[in-house]
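Next up, some structures in structure tokens.
Two complexes, one shared chain (subunit A), two partners (subunit B, subunit C).
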Partner chain A sequence: MQGISIILIIFTSLFFTGILIRTKSFFSGRKGPGVFQPLKDIWRLLKKGAVTSETTSFIFQIAPSIYFATVFLSALLVPFGDQPGLISFSGDFVFFAYLLALGKFFTIISALDTGSSFEGMGASREGLFSMLAEPAFFILIGSLSLLTGHTSFHQIFSTLYMGMGSHVEQAVVALAALVLVAIAMIENSRMPIDDPKTHLELTMMHEVIILDNSGFDLGMILYTTNLKFAMYGALIADLFLSPSIPIYLAIPFMLFIQVVFAISAGTIESFMARFRMSHNPQFIFVLTSISLLIFLGALLLLGKIT
Partner chain B sequence: MSYITVKNNQSIFFQEIPVLDYESFLLMNTGFLSKEHLHCVNYYGLAQKEKLKLICCIANDHEHSIYVSSCVLPLPHLDEIGFPEYSSFTARHLSFHIFEREIHENFGIRYHDHPWLKPVRFAHDRFNKESGIAEYPFYHIESEELHEVGVGPIHAGVIEPGHFRFACNGEQILHLEIHCGYQHRGIENLLITKKKLLQRVTLAESIAGDTVAGHATAFTNVWESLSGCVPRADLQLARTLALELERIAIHTGDLSAICTDIAYQLGASVFGRLRTPLINFMQEWCGNRLAKGLIRPGYSNFKFTPELAQRLEIVLEAYERDFDEVWDRFHTLPSVLSRLEKTGMVSWHDALSIGCVGMAAKTSGIERDIRASHPHDLYTELRHEPILKIHGDVYSRTQLRHEEIKQSLVYIRKLLEKVAAQPDSERVLLQAQADRFCLSLTEGWRGEICHCAITGKDGELVHYKIKDPSMHNWLALALAVRNNEISDFPICNKSFDLSYCGYDL
Partner chain C sequence: MNLSIGLIVTTLLFVALCATVPGKLKGYVALLAVLINAGISSVVAIAVLQGEVVEKLYYGGRVFGEIPIRMDALSAWFILLMNFTMITGILYGIRYMKAYQEQKANLSLHFSSFIVIHVAMLGIYVVQNGLAFLCVWELMAIASFLLIIFEHRNIEIVKAGINYLIQSHIGIVFLMLGFIIVYSHTGSFDFNAIGSYSKSASAPAALLLFACFFITFAIKAGFVPFHTWLPYAHPASPSHVSGIMSGVIIKLGIFGILRMLILIDGNYLVLGYLILILSAVTGVYGVMLAIIQHNVKKLLAYHSIENIGIIGMGIGLGCIGKATDNSYLALAGFAGALLHTLNHSLFKSLLFYCAGTVYQATHTMEIERLGGLIKKMPQTAILFLIAALAICGLPPFNGFISEFLLYSGLFSGIQSGQLSSAIIFILSIFGLVLIGGLAMLCFTKAFGIIFLGSERHPYEHPIKEAELSKLFPKYMVVLVILLIGLVPQLFMRLLTRPLQLFVNTADPFSGLDDFTGVMQQVSFAAWALVALVLLVLGIRKLITRKSIKDFGPTWGCGYIAPTPKLQYTANSFVRSYRKLVHPMLIMNKKENELKGVFPNAVHSHTHPYDKVEALFIDLPLKLLKGFMSKFRFLQNGNMQLYILYGVVFIFIAIMIPLTMDLVHYMVKLFQHI
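Now for the complex of A and B:
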């Protein structure tokens, strides 16, 4: 049953972005594309050959594969309820974070590899915002592992879930869900941090560093983005999944959480403007502060402070 | 005092324009501009055999008049060395910079104290044909820490060609240089060589595709004035109506584009949708959504009937209801305001010194609106009062669009009351009079449009000069983005929404 987590993540990745886009179309009074349209676009791209610029080196060509591999590998670490992921060991959340960082590192240097001034700017933004988001993630997971006394995703999430214990514990879980949602938005370059729909190179972050990618490479990058979104959705769902729920209920429950996540992301994107670029660091620092609040909650619960 | 005072759209004999020596020509015209309500609407050169005639037109907004004066200089030759260098107007008032750059580019007049004699548009008949667009002298900063970002001339999305080069310190813009001139169509020359009036008015409509009514009205007014014809009341009504409808439609489209640039989806889709019924109404009226074919000198192919007036009232009512609702949401949303406020500011001082016109002037607190200062057509009866904003930021330009739309709605409703059924009228054949000069000012949605025409001995057009408001305002954009974030450039650019082809001609 260990494989159920990755199967669900891959399944969700097929329609996640589709639901998000459909939500946005609905709120703008349009009919919108079908839920599987993003996937069809990716399939079309995967059938094409890639064109690479003459100024790039092998880095540019291997980066999309590495990006995909790292995200796929980290998705293997994500548990599902009380079922561990395919890979699970103590301290695996550090492995998870740095696998993602490795993938990001390669997309950044492949953007620099093109020598374009736009991509340089995008790489700098992507690097900066991911760097700022890292403390929030580590303080969050660190606090949760302090609270549960375990250091692997599987053990943390099988002891911790919404609806357990005292009000303080529930508050901690709710805050953790909030931080994870926000980190998911940053890592996936969605609003209000980044606007995936913009055609303006000067305001782009993630979109601009993949400007030079085409065909198969681009398809792989786009699919990886979907996979990453579904992976974060699964992590968030894990916070709400109690280990006592039988698996035939847990599966629809997780899909429900994923759909709610996609719809709320779409709703946010419909009804607000994105942040000014210089306000993004402030926003990300707020996440770190919330994570510190979770840390405080964990200390309170453990009776370290009274 | 050697200048001739004319009114907007008044034609005079070309010889009536006083000719001064260069020194007093310079002192008089730059002296005018010490007051805020006087500004230069056009300053250009006209080659006559071995001579170059410079004509300068200064508008006095308080007295509703325009001061025209001229000066004759010998025309330089490319192979001649030691040709005299003149003192520049620009050294005394910066707003002349674009005109003198153009005179220098086209006729080779040299200035010893012009601060920045950059090429304007590399016209086909420029003086120095060896200079090419590939060698454009960009301002360059040598530094290890700064970086340059070049955007265009080919852009993502369907906009016209123009090159933007930023000198940035990280995310902050230190300097932006804007370079147009990629699509020289030679419209001014074409207006002379195409002899048929229909060809000419069609060309005038194509000067800037988003200001069809503005440029067509300016051309039509020039031509009617040169022919000594006063347009019938219904023609004047149709033109005024077209100008105001164009203003509403384009402003609404711009609001939608501003929303797109800040990724506010609701505003983008609703404002975008609101523009459509308006331009569809134009289609209903004249068969073209951009009003092409509507405005013609001396006649009109498309009468504005009382039935159309009724239709328009219904269209506007539906428009205003939804417009108010979405505007209420838009301008109270904190995430929107945080993007628009204090972004891309142009100070009153900067706007005045570079001679901004239209929206760029009005949002920086300068009252410069042809509808009020030099009214033409039915604006004489509407008693327009310009809306002013003082901050000169993107939000001011957004607010101005909203308030101008509301104002135009009131004007259109007033105009609709005057619509009456007309019998078919005969088409008057217009023949321009000989040796005339006429200047026409029109307030397009973007700002002041100036057309100047000169006729020869047999009443043939010998010279035509067009000035789109973008000529002045591109520099305002370059100043606005200084010290802003480079990611805010698109929103600044959209808030000005300047024309590339109106500048390139």
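Now for the complex of A and C:
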């Protein structure tokens, strides 16, 4: 049963971006592509040949594979309700965060490998913003670990769920969900941090990093983005899943939350403009502050602040 | 056979030999000496780590008294990690010094100092008599000074060396003060007297004693604000010396702090919090400054400060755990600190060796002038990349293991403590995460700009990969880095006895078993990562086997004649970061503006400077100079006046006792009346 989490994440990743794009097309009054269109694009890319820049070295060749491998392995750590992920140990969230960082390291240096000024710009932004977002994640998990008294993803999420305890507790869980959504948006380079649909290289972040990737590598990078989205969706769903729910109900519930997450991400993208680059750090600092608020909430719940 | 005397005799013999053999062989003599000394000390150290007790007493004459030579598990751990880096250092150093073969006298001095510093450091780890300790400490300071100023024809390098010499002697003053305090109370220079004195003394007195020792060792280790010598000394020295300096010599400070923590029975809670906060500040400040450096070695030097901060955080956590009887926290803290000391000595020496290879190939250390080296020097690039990943604490390399231990400690500490401790722990987590993130920004910059893209400036001569003998010591280091990253449980077992010295709870091993269990899982996950990466790369190769592969220029948004000048530079890569933390840094910028319809060449120079140095070193020096300049009129070059000063001095010197006698006489006279 341990493998159920990764199966669900992969399953969700197949249609997640599709739903997101469909939501955006709905709000802008277009018919929009089918839900599986992004996946078909990826499939086509995987079969295509590639044009590589002459400036690049082997780093450019291995980076997309390492990026995919790190995200896939971190998805293995994500639990599902009271089922642990395939790999689960005390402190696994540290491994989770550092794995994602490893993937990011390679994405950044593969962008620098092309010697393009645009990609350098994107790499610089990606490095800075993801560095700023990391404290929010750690403080969030630290607070949840304080609240539950456990130090692994599985134990934390099997103790903690929406609908338990007092109102303060519910507020803490709701805030945690909010922070996780925001972190997911930053990590996947979506609005309001980054606009994946922009056509100007100067305003891009993630898109500009992968300007020179093509063929199989590009397909893999695009699929990894979907996988990452689904992985964060699963984490958010875990916040709401009570361990007492039997598994045949938990699976549809999880899928439902993933769909809601995709629709809300699409809605955010439809009604918000991207922040100015210089405002992004402020937004991310706000996130850190919210996680500190969660920390205070946890202290309050444990009666350490009276 | 008496090993200590054997060591000293071999050293003297080899130093003499080093001076007499021809230039080519000097390095090999040093290598042989280091190998012999390392071999002997390692055999003893390994026995100590397995539970043997080594203690010998020598009679050192009337002045020194008994000189005890004790090697406990802590010394053994540090000796082993030192020996490894000294061996890779001298192996690399022999090849590195080939470029300077004609300077025979200079080479003799250099290699003799190398032999001497190795023995001096062995002495520091085992000598437990205050006076004798001062001697070996001084020997180490002078030998490292000689190592730094190898290129003493360059005035900047001598300046950096003297800066180091002065600061380490300020440290020695405090060290002496500490030993004098203990001697005046107990009449003994034995280290055990420090322990017994601190038990009998009041709490503030014990704290004062600890502060004396701590300042000395903090200067050596490079804790902020005692770090200012480090960013000058590292770039000045030859690369293998920078490697051992960052890898081993600054670790003497860490060793000293740990030794004093064992001896001085102070208030561990207060000490723990102080060390934790100071270390977190050190770590964040070090990496913040590292990012904006443009000189590779200076960048690495600031990273040493950051890593000292991480090690210090471990020590702080361990103390807090010990004070609150939380053996899990204490174990995690001290294990993290000890393991990170080893880890840092590995990846930092590797980074410096790689920087040295780059320097000898390109003759520059300015990041902005490098670029595209990965195609010319692929092996050096891979070695640098591995070290960079390890220093960022990314799995599956060794840096991750020690940082993971610290995180486990911090997260378990949050749950057990009170409100105040919970807040300090969450802030420490914040600090540690920030250090990790900033280190990543710094090393993507360093690796990306030095090795990737295309050449930013034409190199004066063709660039070749270093020969195998120069790469071999680096591969040795990489092997250990991977070993720790992939099978950490082995090294946890080695740490058992050193940890016992710190954690004297009823059953330290049960806690350690937990760790070994978790390490087993981490090791499994690391292997899974390696396997998965290889699997994905294999699948990629299989699928793209038949597809068309084409090559073209990098996409320039339609622009088809890009020059290497258009690439992102190191400065522009960190520009948004620099703007963000602007208030905390000093950035001297020189820029001329574009003028006219056909503008001239434009230059932009940035020179980062250290705010702490400006505040704690430059400002007091300026005030002191200002004060002293008031007396400048005394020194006016007039010979007659100088003679007058002498006469006045002699007059006063005679007059003082006379006046005193006169006063006494008058007092008595008045009493009679």
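Assume the second predicted complex is superposed on the first by the 306 of 306 C-alpha atoms of A that agree within 3 Å, B and C clash if a C-alpha of one lies under 4 Å from a C-alpha of the other, contacts with A are read in each partner's own complex, and residues count from 1 in each chain.
Throughout what follows, a residue touches a chain if its C-beta (ideal position, glycine included) is under 8 Å from a C-beta of that chain, and two chains touch if they have at least 3 such contacts.
Quick caveat, the model's predicted, so the values are computed rather than measured.
Once the two complexes are overlaid on the shared chain, A:G91 sits against subunit C while remaining clear of subunit B. The wider contact with subunit A, measured as residues touched, comes from C rather than the other of subunit B and subunit C. By the touch criterion defined above, A:T114 reaches subunit C but does not reach subunit B.
Of the two partner chains placed by the overlay, subunit B and subunit C both lie in contact with A:M277. Of the two partner chains, subunit B is the only one that A:P192 touches; subunit C does not reach it.
Shared-chain residue A:S242: touches no atom of subunit B or subunit C. In the superposition on chain A, A:L46 contacts subunit C only, with no contact to subunit B. By the touch criterion defined above, A:E201 lies against subunit B and subunit C together after alignment on the C-alpha atoms of chain A. The interface of subunit A with subunit B overlaps its interface with subunit C at residues 117-118, 120-121, 124, 201, 277-278. Of all the residues in subunit A, the ones that touch subunit C in their complex are 46-59, 62, 65-66, 68-70, 72-73, 76, 87, 89-92, 94-95, 98-99, 101-102, 104-105, 108-109, 112-121, 123-125, 127-128, 130-132, 134-135, 138-139, 142-143, 145-146, 149, 151, 201, 211-212, 215-217, 220, 277-278, 281, 288, 292, 295, 299, 304-305. Within the complex, the subunit B residues that touch subunit A are 147-151, 156-157, 170-171, 259-266, 268-270, 273, 333, 335-336, 338-339, 343, 485-490.
By the touch criterion stated above, subunit C contacts subunit A in their complex at residues 371-372, 374-375, 378, 381, 385, 389, 392-395, 400, 403-404, 407-408, 410-412, 414-415, 418-419, 422, 425-426, 429-430, 433-434, 436-438, 440-441, 443-445, 447-449, 452-454, 518, 521-522, 524-525, 528-529, 532-533, 535-537, 540, 543-544, 547-557, 562, 564, 566-568, 572-577, 579-580. The residues of subunit A lying in touch with subunit B in their complex are 24, 27-30, 117-118, 120-121, 124, 191-192, 195, 197-203, 269-279.
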